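Paired with chain B in one complex and with chain C in the other, chain A is shared by the two complexes that follow.
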Partner chain A sequence: MKFGKLALAAALAPALLALAPAQAAELRIGLDSEPSAIDPHYHNLGPNNEIRRHMFESLVGQDEQQRLTPLLATSWKPTSATTWQFNLRQGVTFSNGDPFTVNDFIYTACRIPNVPNSPSSFTIYTKAIEKVETPDDHTLIIHTAKPHPLLPVEIATWGILSAKVFGVTQKLTFDKEGCGITSWPKTEDFNAGKGTIGTGPYTFGEFVKGDRLVLNRNDSYWGEKAEWDTVTVKPITNAAARVAALLAGDVDFISKPPTQDLPKLEADPNVGLAQGLSNRVIYLHLDQYGPSTPGVKGTGKPDAKYEGEGPCATQPCEKNPFLDKRVRQALSKAINRDAIVAKIMGGVAVAAGELLPHGFFGTNPDSKPEAYDPEGAKKLLAEAGYPNGFELVIGTPNDRYINDAKVTQAIAQMLTRVGIKTGVNAMTKSVFFKTRNLYEFSVYLAGWGAGTGEMSSPLRALVASRDKARGLGGTNRGRYSNKALDDLVLEALATVDDAKREAILQKASRMAMEDYSILPLHFEVTSWAHRKGLTYKARADQYTLAMGIKAAN
Partner chain B sequence: MSSPVPAPAPIPTPTDVEGETVVGEQAESPWRRFLSDFFESRIAVAGLVVFVFLILAALFAPYVTPQNPYDLMQISIMDGRLPPGTQGEMIHYWLGTDDQGRDMLSGIFYGLRTSLGVGAASTVIALFIGGAIGLIAAYFGGRVDAMIMRVADLQLSFPAILIALILVSILGQGVEKIIIALVAVQWAYYARTIRGTALVERRKEYVEAATCLALSHRRIVFRHLLPNCTPPLIVVGTVQVAHAISLEATLSFLGIGLPITEPSLGLLIKNGFDYMLSGDYWISFYPGVALLITIVSINLVGDQLRDVLNPRLKR
Partner chain C sequence: MLVFTIRRLMQSVIVLFVMSLIVFIGIYAVGNPVDILINPEADIAEQEATIRRLGLDRPLWSQYFSFLNSALYGDLGTSFVHNEPALELIFERLPATLEIAVGAVGLAIVIGIPAGMVAGLRPDSLIGKTIMSGSILGFSLPTFWVGLMLIMLFAVMLGWLPASGRGDTVDLFGVPVSFLTWDGLTHILLPAFNLALFKMSLVIRLSRAGTREVMLQDYVKFSRAKGLSESRVILVHVLKNILIPVVTVLGLELGNVIAFAVVTETVFAWPGIGKLLIDSIGLLDRPVVVAYLLLTVTMFILINFVVDVLYSVLDPRVRLGDMKS
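Then we have the complex of A and B:
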């Protein structure tokens, strides 16, 4: 009986496909992680942001290479050093039929600081907005306190809510407090579908945490209509299970198949792959803060007393070798990046010479990954006063980046070969980040994805001096500090002219690399796997978007 | 409530046997009898031979393996994931290499060293601690007994792996920390076993006689009671070595416990598990076989010991 049905289906399938190629109904996606909420402004996190893009559009979009594209705004330009004009798209309606106007923009900008318990808020992307003028329903004039060239990029990071859906019909005036509104939608309401109404190509269907998220096509979408009637997104966190689900036909599309399975998937006639270089760099941070450092042995007594945060303030530590640029350079020379890419990453990664891959805004076209030179590394170590090397422990997460702990083990081998006897301390990501934030590592491996897709993002976060007031060095746990570099980064952040800003960023990037402030290792190549008959354009931001998944003709 | 609760021993032991257990001077040549009884079973002898071989392999690993897999100078990721029987630059990889380029054969020998070492050390320590506590409980009885046994009950009501997981995550990485965790989950077995036996022995005349001679508590407990309680302890101890080894392997497989640059058998299996779907079976398979052989051989020896030392099964 069952077999008969199956045979019938098999016989009919090609005929049906030939008759109606565009009628592909349902798409099932298996993702490696699930959003922490459907609320688009609750948590600035990759999985949340990719889901948000299906339902809530932003004024400015980002294409596969993170270049800015018109979305709800048709055009934008700076009208002076501190003002920007955005022209909104005419005739756009929310999925419930309400028209989209400037009021919705202001409502959203006011709501973002008013999300209770947000683990990582979007306020960093709204705080530059000082004042908003609205000459008409579809024109915005945004004032910033200082020149702020990144405003369009920041506006691309958050999706627009409908003011009317939440009972706000009066004309709003933007202010930093909350625009005079006292009652805000709750995060839980969005999860239940209450107020989950945007202008995007898909509408909210159902969200069962840990099991599935269902999206339906928005038939009144202003742009090109979505290809799929319904999209079901399932979180399958175990990589092997995700691949198994694809091979068994339980899902049509998966994100991040493990690198070691790629050759097998490539050879499978029923499976297709999409791959693309991401904006995520994997790097080593070296502790360059105090005279002593916790993870090093055999370097002797420190020259001075350790002051400030970190374990060395309370316990005896040995001398910090990484204050010497020659040691940092020796480490870089000792690492065979090509071998890591070939053997550990299975060829699906690109050796890094800067913090963003070539072609991204602010990179130096002539930059190259450090050449593997173990003899040169030994010589530099000897010059720096460590002819017999020293002992080192590298910290690494083992479940955050692609093959993270394996890469660190390979680096430990390579460093041991030049005389730095290296151990590996691998831990799960939550413990790793906590330990790192207490400065307990002398050297650690981590990664950074440039959300803005240009050089100021990694420079500002990873190598600029830690300075909360100026918004610099937020993730610089190596605590490298160089005033000249800080000045360049700040100058770039206040230069509106693109060509000038790019030149400054290139100079800053070169400065950071020549000083070995941080050791970039490789850029992750993101992979997606799908059943035959689909195509996907790989995205540098590593997002999986149903809009990009098309049935092949 | 204060009456002693009969302790259900994890395996049959001669706790409830009335009459003399075979000990020391009473039998003519107890060692010979013990050995001849033991060698009656061929399969147990085979287990013993394999087990002795494994111990030798573990002890002499540095001298017989082609490579020291813990020395990062000797391994190279350029030799990573080679199938069994590949000729490398310097050595022949009989069982292939793992993702870091470690020779699997050397890795297994060194892994055995860690696994057997951790298993034996934790068993011996747990045996001493658990044995002493159990003897004290049985000899003094009353409140001391009730208190100790309730603690043991409480602990035995949790799965061993859960307690070990919690302890290792609190204590952190390292061989000695794994041993502490394994001792903590195992002592209760020994305490219960020896208490059961000692309760029976305590009521016998020779203990009464010793008490009448006004011997010290210590002398009665350790010179009179303890020797008569050892056979079940030996049996439980042997089986628990196998248990400790598999527990250690489980912890390593879950990625906690030992550092990843010095893999034990469990960690080797885990490393290879990532590559199961891609066809590099040998990384997981051979360490798995080694672990299986180890545990089976220990259990064979343990089973035969139990039969030999159990007077009820005497033919």
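Then we have the complex of A and C:
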């Protein structure tokens, strides 16, 4: 018996050895977030969009600095104010071998409004498309109702499905309803790998919710082949556990190590760091809506009755000091941005003077962060009629942005120093956003990442007047309103010529800053940590993409 | 027995109903999931369209009644976040949690009862005192910290065990389990031990107290007088009589461990239902939270029922029919 076992082992040994060839190139990534689904069009949000890019490519790509790059389209140009021509790449196949054509683009554009129960739809990035002409299999002429310079960057946000995989072989004509197709792929099918076929450098392997997503190299990829045979993406949402997993060698690469661990990781000879400035600005919004505001005390009776949405419509509030530009400026001067960056952010942030860092489209190269000037702040407050300051409560999330509540506490101390006795109301993000959307904060801290990588994104959402019909002010919960600024933003959004648009955006940005409509604080610097022997090019959009992770030679 | 079961069942239905109402209103009061789930770039029109699409624009009572209506047909709703039936999401992850929960309770029994009995039999010896002070540590150290220390020691410094995740799984009757593979077992060990620590201390203290009390009973003296061997006295007569409080506590603790292993699952990135719950609460994914808590209540009701039945097995004096509830 014993002999039999030995013989068996001896016979199996070479077979086992043959099964384990030279170590296959495998990459294991620990992420701070998890995609809610693999369906590329179900949930338009960062965690889903970064995963999508591995498998489903879009016509236009975005590089590390969010500049547009050719992907499935080799070139594109506006042919008139309202038409764009996209030339698609020839010879691209999906990972199942089907060729990629204009039909796949139209199929995808038609599916996007037809994803049921989407909690964040991509229709915001397809609704500009009015009509699509297809002179041949690899040329698209896209018509928009109005001049729409953001079309290429919007097209860069969604990945292309294969029409053939879902049984659509007839030639499609784009319309806003759904191109005459009645049955669409289901979101949960993609999680199981059914129809999860794109043109990307990786193909879908397996998705176990909460545990791992496995990606395999796409050997028929049209471009530079992927570096890794397999990539396993694990969601490790707890930051300390993520760092531990890296140190234990469970994963090779992690996103967002906590700032307090960075010095330790930097000193570790087995660990490398990648860091880069992000497009995310942390800012203070000031309530500039009505004559009174809920979070302020000691300013006296309001001059007029409060009307419209907000808690002051039903409860007594005191006078709103933030309608006075001098008070807004005083707040800005009272904040020591450099100290926040150095002491609280551990140096991994950059003080902000605009809503996007220098170098991004539409920023003013000469803009500077507001200088720390507590004496000037006190003087301005006295001029505005508040020589003894007032009391203020600042709202902040405590689990949304890097060190968010700590930054707010520091700001509260700085404001208290110039006479504005400030308290902090920190809460978890779900409660914070609800409270903010009910206009219960006089001042709150939040962040904005410019998905398009240009100034029109923060200007339109954060400082343009709230206006449903014109699509402005979606996140402007400070309710600042300035018609001249709105007009500039709208003009920029309708100017296709890049040079002209940039000039308008620069002007608009300067106007918003000079009026202290919003107080930018700092730009987050994103960090990644990895085992020695890897490199990563930091991305401004904070995405972790396996395509950017290379073995160092 | 039958009357007992029916009475229990009726109570359970009421508890489930009240529970669903409380959770429903509670999460509604916290906030609107769309505020967190939507891309900030969405304009006001798109924000409103999304709220309508998920049915969140309707008044609360109307949302609750459509929930009740489909719940009667066994459909507890579709996750706002994942667009999958809430129950399916939970059952997908349940095996992972059951594994560490059973592992933890198993460890608590296998280590806790003998250690507690030793401490009870030799209360003044060095070993007895060591066990008791050790159990104080198990009580008082926070799970979160112990988990991280275990990872630092066994994964980072010694490199013996993996730091996180579930490892390889194999299908057992179509359910993926990891305790049948070596890689899976190494992954289970740390989280299960971390979960077990508190329960182990509890079991040690209960067994010790029980042993000290039982040792003084007449029937122990009598069985000794009868000439039974010491091992038979301890392993049969003493053990059986200290088990009742241990079973009660372990029953409740098993439920606790299954439903609320949140901290351990988060620290070890263990893909169980505790992590699903905490993520769902964070994102205000109401259908999942409601389904989860309903399931949890059902589970506690079941466990309590089993505990009551076990009483009557362990102690012939207990008759189920006499029990009030």
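Odds and ends about this structure:
Following the convention adopted for this analysis, the second predicted complex is superposed on the first by the 529 of 553 C-alpha atoms of A that agree within 3 Å, B and C clash if a C-alpha of one lies under 4 Å from a C-alpha of the other, contacts with A are read in each partner's own complex, and residues count from 1 in each chain.
Everything below uses one rule, namely that contacts are C-beta pairs under 8 Å (C-beta built on N, C-alpha and C of every residue); 3 or more make two chains touch, one makes a residue touch a chain.
Predicted model only: the values in this text are computed from it and were never measured.
After overlaying the two complexes on the shared chain, residue contacts for A:Asn44 are found with chain C alone; chain B is out of touch. Contact with chain B, but none with chain C, is seen for A:Ala426 once the two complexes are overlaid on the shared chain. By the touch criterion defined above, A:Pro113 lies against neither chain B nor chain C after alignment on the C-alpha atoms of chain A. Looking at the shared chain after the overlay, A:Ala339 reaches chain B, while chain C stays out of its contact range.
Number of chain A residues touched is higher for C, counting chain B against chain C. In the superposed model, A:Ala410 lies in contact with chain B only, and not with chain C. By the document's definition of touching, neither partner reaches A:Gly193: not chain B, not chain C. In the superposition on chain A, A:Leu472 makes contact with chain C only, while chain B stays out of contact range. Of the two partner chains placed by superposition, chain B and chain C are both touched by A:Ala240.
In the superposed model, A:Asp211 lies in contact with chain C only, and not with chain B.
Shared interface residues of chain A, touching chain B in one complex and chain C in the other, are 240, 244, 428.
On the chain B side of its complex with chain A, the touching residues are 72-73, 75-78, 80-81, 99-101, 173, 255, 259-261, 274-280. Interface residues of chain A, counted against chain B in their complex, comprise 240, 243-244, 258, 260-261, 263-264, 339-340, 343-344, 398, 405-406, 409-410, 412-413, 416-417, 421-426, 428. If you check the complex, the residues on chain C that touch chain A are 30-50, 53-54, 78, 80-84, 89, 92-93, 96, 148, 151-152, 155-156, 159, 162-166, 176, 266-269, 271-272, 275-276, 279, 282-284. Touching chain C in their complex are the following residues of chain A: 30, 34, 36-37, 42-45, 116-121, 123-124, 187-188, 191, 208-212, 234-238, 240-241, 244-245, 247-250, 428-431, 433-434, 437, 448-449, 451-452, 457, 461, 466-468, 471-475.
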